[in-house]
Amino acid sequence: MTNTPVRAISAFPAADPADLSALPDDIAARIMAVQEKAGFVPNVFLAFARRPEEFRAFFAYHDALMDKPGNLDKAEREMIVVATSAANQCQYCVIAHGAILRVRAKNPLIADQIAGNYRKADITARQRAMLDFAMKVSAGAATTGPEDVAALQSHGFSTEDVWDIAAIAAFFGMSNRMANVMALRPNDEFFAMGR
Amino acid sequence: MTNTPVRAISAFPAADPADLSALPDDIAARIMAVQEKAGFVPNVFLAFARRPEEFRAFFAYHDALMDKPGNLDKAEREMIVVATSAANQCQYCVIAHGAILRVRAKNPLIADQIAGNYRKADITARQRAMLDFAMKVSAGAATTGPEDVAALQSHGFSTEDVWDIAAIAAFFGMSNRMANVMALRPNDEFFAMGR
Amino acid sequence: MTNTPVRAISAFPAADPADLSALPDDIAARIMAVQEKAGFVPNVFLAFARRPEEFRAFFAYHDALMDKPGNLDKAEREMIVVATSAANQCQYCVIAHGAILRVRAKNPLIADQIAGNYRKADITARQRAMLDFAMKVSAGAATTGPEDVAALQSHGFSTEDVWDIAAIAAFFGMSNRMANVMALRPNDEFFAMGR
Amino acid sequence: MTNTPVRAISAFPAADPADLSALPDDIAARIMAVQEKAGFVPNVFLAFARRPEEFRAFFAYHDALMDKPGNLDKAEREMIVVATSAANQCQYCVIAHGAILRVRAKNPLIADQIAGNYRKADITARQRAMLDFAMKVSAGAATTGPEDVAALQSHGFSTEDVWDIAAIAAFFGMSNRMANVMALRPNDEFFAMGR
Amino acid sequence: MTNTPVRAISAFPAADPADLSALPDDIAARIMAVQEKAGFVPNVFLAFARRPEEFRAFFAYHDALMDKPGNLDKAEREMIVVATSAANQCQYCVIAHGAILRVRAKNPLIADQIAGNYRKADITARQRAMLDFAMKVSAGAATTGPEDVAALQSHGFSTEDVWDIAAIAAFFGMSNRMANVMALRPNDEFFAMGR
Amino acid sequence: MTNTPVRAISAFPAADPADLSALPDDIAARIMAVQEKAGFVPNVFLAFARRPEEFRAFFAYHDALMDKPGNLDKAEREMIVVATSAANQCQYCVIAHGAILRVRAKNPLIADQIAGNYRKADITARQRAMLDFAMKVSAGAATTGPEDVAALQSHGFSTEDVWDIAAIAAFFGMSNRMANVMALRPNDEFFAMGR
């Protein structure tokens, strides 16, 4: 395995984390902030930086869905990302958000369990219902209907939670597609994080 | 057919176009601007208004992709929306963006042709290649690769165009899922527009 | 869009509506009758005319299913055509029968709603059950069984109605395949009819 | 296996071959003719007899496609029926037309080979191309195009042959759906015929 | 049909039944035993003989599942093989095990009925439940769960039976894949056996 | 996440690693040997132990495929397991064999890359061809043919290698189905192994 090729960060030109001077100030600032917090710059930031307007909209949308208060805790939001990204075969998203899920859940096993088959993971019945709906939004949104909302309500989810689950599945469906087209490479740091 | 039920705008609470006072100023202003330009408020604006941060991110992303300059003209961008939304069975997106496509292309036939089967539509070989790639991003992004980029380049598309096609397909994949979960109803005005 | 290519009526030789003299008398007569009634000759007649025996069987079958009395009204029969043809991506059938559906239902919205996603259309629960069964016949007839008949009966459909729904879905499944292989072009007149 | 249930001919009422007097004369005559020739009445005749207009159109269409002259011999036409009916899981059609194929081809092995997996059957490269196209018409007609016609032409098929292959696949697609909805039972006589 | 090509036993080199001297003694003995019992050597033995360790493991696994005592009789075990092999389009397995099923069930019709569409076969409700589960294991094992076990238990199946059904479906899923990759040819003797 | 349920090893009764006395000697010995080598007993051994004949055949088959010499090194064999198990959503197999792959390849990243999307992993073109074929065997063996063998040969694979790739994909397809039906739980030790 010594001669294994190593893929580039992205099939499109990406920003250089060592030289952010060419980027708009707000984008450079966001990247420096994440660098400071995480200790490295997740490649998704470098890959989107070339399109400043899309960068801003993408991360604003991300933050609106993932950092908001609500009945879904942060680990549960990441569970949705990991389960739907695995179904979409998005290597970057499964690995990067798998790491975040481990950290958020303080559980070194949960991300690989959900990526492998969420139906066999150590989750509650409520979380199973949440992921079943997220997967339906991801793979067959055209067939969703009131019966899905009723099933979620029977597990204590509110109307706002239903929107949150759907929106997270839909947003990361977009992210999964972009990451796959870019062949976005997960940073090496993600693989062992939270284990 | 006299007793046909008429669906609500959305399965979730939606803003009332006759009373925008409860909305944040920037969102009310955007809605008034589109009302003035189009003569009515497309329901997607009313449905998203209840989530101001998501509203802002959604339309910022939309504008970044659909109003930008590039080798794809505005009608071609709408072709991507119509073809992929039809595959995702998004009634709202096919009808609303079908209307916009007719207007942008000054062609009363093109939207229904593409929604029905883009492979049989009156489009150029270059547009066919564009839509083939958009559909692959929509339905099988995990299998995209350099061979897809090469196919597009043989039709004169640049790297930036490849990103644009992928990003439009991915963004509307998200939009399609949200509209289907909301059961978002297309405004009556769209059906005859541009015919 | 000025240089858009315009497709031929069919990928196979088609009859010339201005010269029907080469056709068998009964076929020419049928074409002239539809011309008189509709004001134009739908291309499906011109495309099938080259095969007189198939033409006769095709339209005899069509008439037996679409013009017969029964609990399904004519608009409902066209709903089945539009929903299943959309799933089969038959551009000709969606556009031509969408036009007929608008006329039959005196409803300018219904065809595009059903073609987009019949689950989100302004239809009754009974019509939804009818279309659910038609779609199952179209995409998974091998799995139909007594439980499907029972579901239809609970909405007031008779055994004869069940046959009618199945037969319309099956017949247009054939028609959809032929139209797609022919790349049958919808006449321009259909697009605005009934709006 | 002694108490195995035996299914009825059809889930719908079927004609009684011992009493054809209730049927229209032409339909009774057709049934008597096939009885005389085959030694029994294939159940498809009895199942369709209750709908005389559909019976006439169905068998007229069948005869137009299966008994016509052309580059496809009668065994090859039956190969198309068997391959596509197997894909559609139509028990009646695979068993009944498998029997006819064995007789037409004077080959006791060919029907089971094709029903099992036509790609591994003892057929010529030309027949393989014919069946590949028939299967594409059956399962993905929306994606057929000039490249399929070219592939067939390279094996010596004419434009008329292309139509024949497509029409047979499309017609039996209809037949498969009706037989599955009816749960049409193959006559016992078919199973050993031609072996 | 006179010039029909006849396929080889396997796309890989296979043992010659007339000269088993090159094979390990235990494998030659097993082949001679089956020859003596059946009157011919099923090609699967000749095709696997080149890989003695795999041969031994394959047939040991086969025997452990198919010859064991339990609530499933031998015909029912073969029903599982035929139904799942048909879904996997394994020509060899459908034809060879269809023959064995006819013999085990003393029923000349059952194999072709199940291969065509097991949902329309002359089987009991209990056997239908058995095959529904086997098909789910074959095509969607990731979604199986306690509800499937409960459904089987309501038909009188024990936990051991559930394992047996799953194991037979899984083992022949492996066999189907190998036979398809080898293009394993069914012996002529199988086609008429038990009719 | 404090109240997360923890799944049992298997939905079926499993052997107790602390008391192997009830098991046949050879099976107890194999389990003790793996315990000694790995430091723990992978749950697949405990889950299969209740069926001694199947246990013996399963692991004999496994060893014949995974420990044999050939052009595929041991890491490459595990790559096939991980890629196909991910497609089959087998949580146990992805996690257990992902761990073994990391150890065999001395590469902490490769397993998660391949499980996420092997097309975007750090592998050679030869390994990509190997995995493309393995995935085709796993998901569409009925359509494999000489063109697949030719593609592999162009990357230097021999006929024996083709068999090995197919057999590994087929064997683990069986294993994936059994593990999913059992809801086989990966041992905690696997998750961090080789990172």
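In this document, chain identifiers A, B, C, D, E and F correspond to the written order of the chains, with residue numbering beginning at 1 in each.
What we mean here is this: a contact is a pair of C-beta atoms (placed from the backbone, for glycine too) under 8 Å apart; a residue touches a chain by one contact, two chains touch by 3 or more.
Fair warning: this is a prediction, and the values are worked out from it, not measured in the lab.
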Mutual neighbours - chains that touch chain A and chain F alike: B, E
Set of chains adjacent to chain C and to chain D: B, E
Selected pair, out of B-C, B-F or C-D, that shares over half of its residue contact pairs with A-F: B-C
Between chain C and its twin chain E, rotation from the CA superposition, multiple of 5 degrees: 120
Fraction-based call for chain F against chain E, same above half, different below: same
Label of the chain whose CA centroid is most distant from the centroid of chain C: F
Euclidean distance of C-alpha centroids - chain C vs chain F, Å: 50
Chain D and chain E, separation of their C-alpha mean positions in angstrom: 27
Chain A and chain C: spacing of chain centres that average the CA atoms, whole Å: 44
Touching two or more other chains - residue numbers and ranges from chain D: 89-90, 117, 142, 145, 180, 183
Chains that touch, pairwise: A-B, A-C, A-E, A-F, B-C, B-D, B-F, C-D, C-E, D-E, D-F, E-F
Sites on chain A touched by chain F in the complex: 1, 3-7, 75, 86, 89-92, 94-95, 98, 105-110, 112-113, 115-117, 120-124, 180, 183, 185-186, 188, 191-192, 195
Residue ranges of chain F in contact with chain E within the complex: 11-12, 51, 53-54, 56-58, 60-61, 63-65, 68, 88-90, 137-138, 141-142, 144-146, 149, 159, 162-163, 166-167, 169-171, 173-178, 180-181, 183
Chain C-touching residues of chain A, taken from the complex the two chains share: 142-143, 145
Chain E-touching residues of chain A, taken from the complex the two chains share: 117, 119
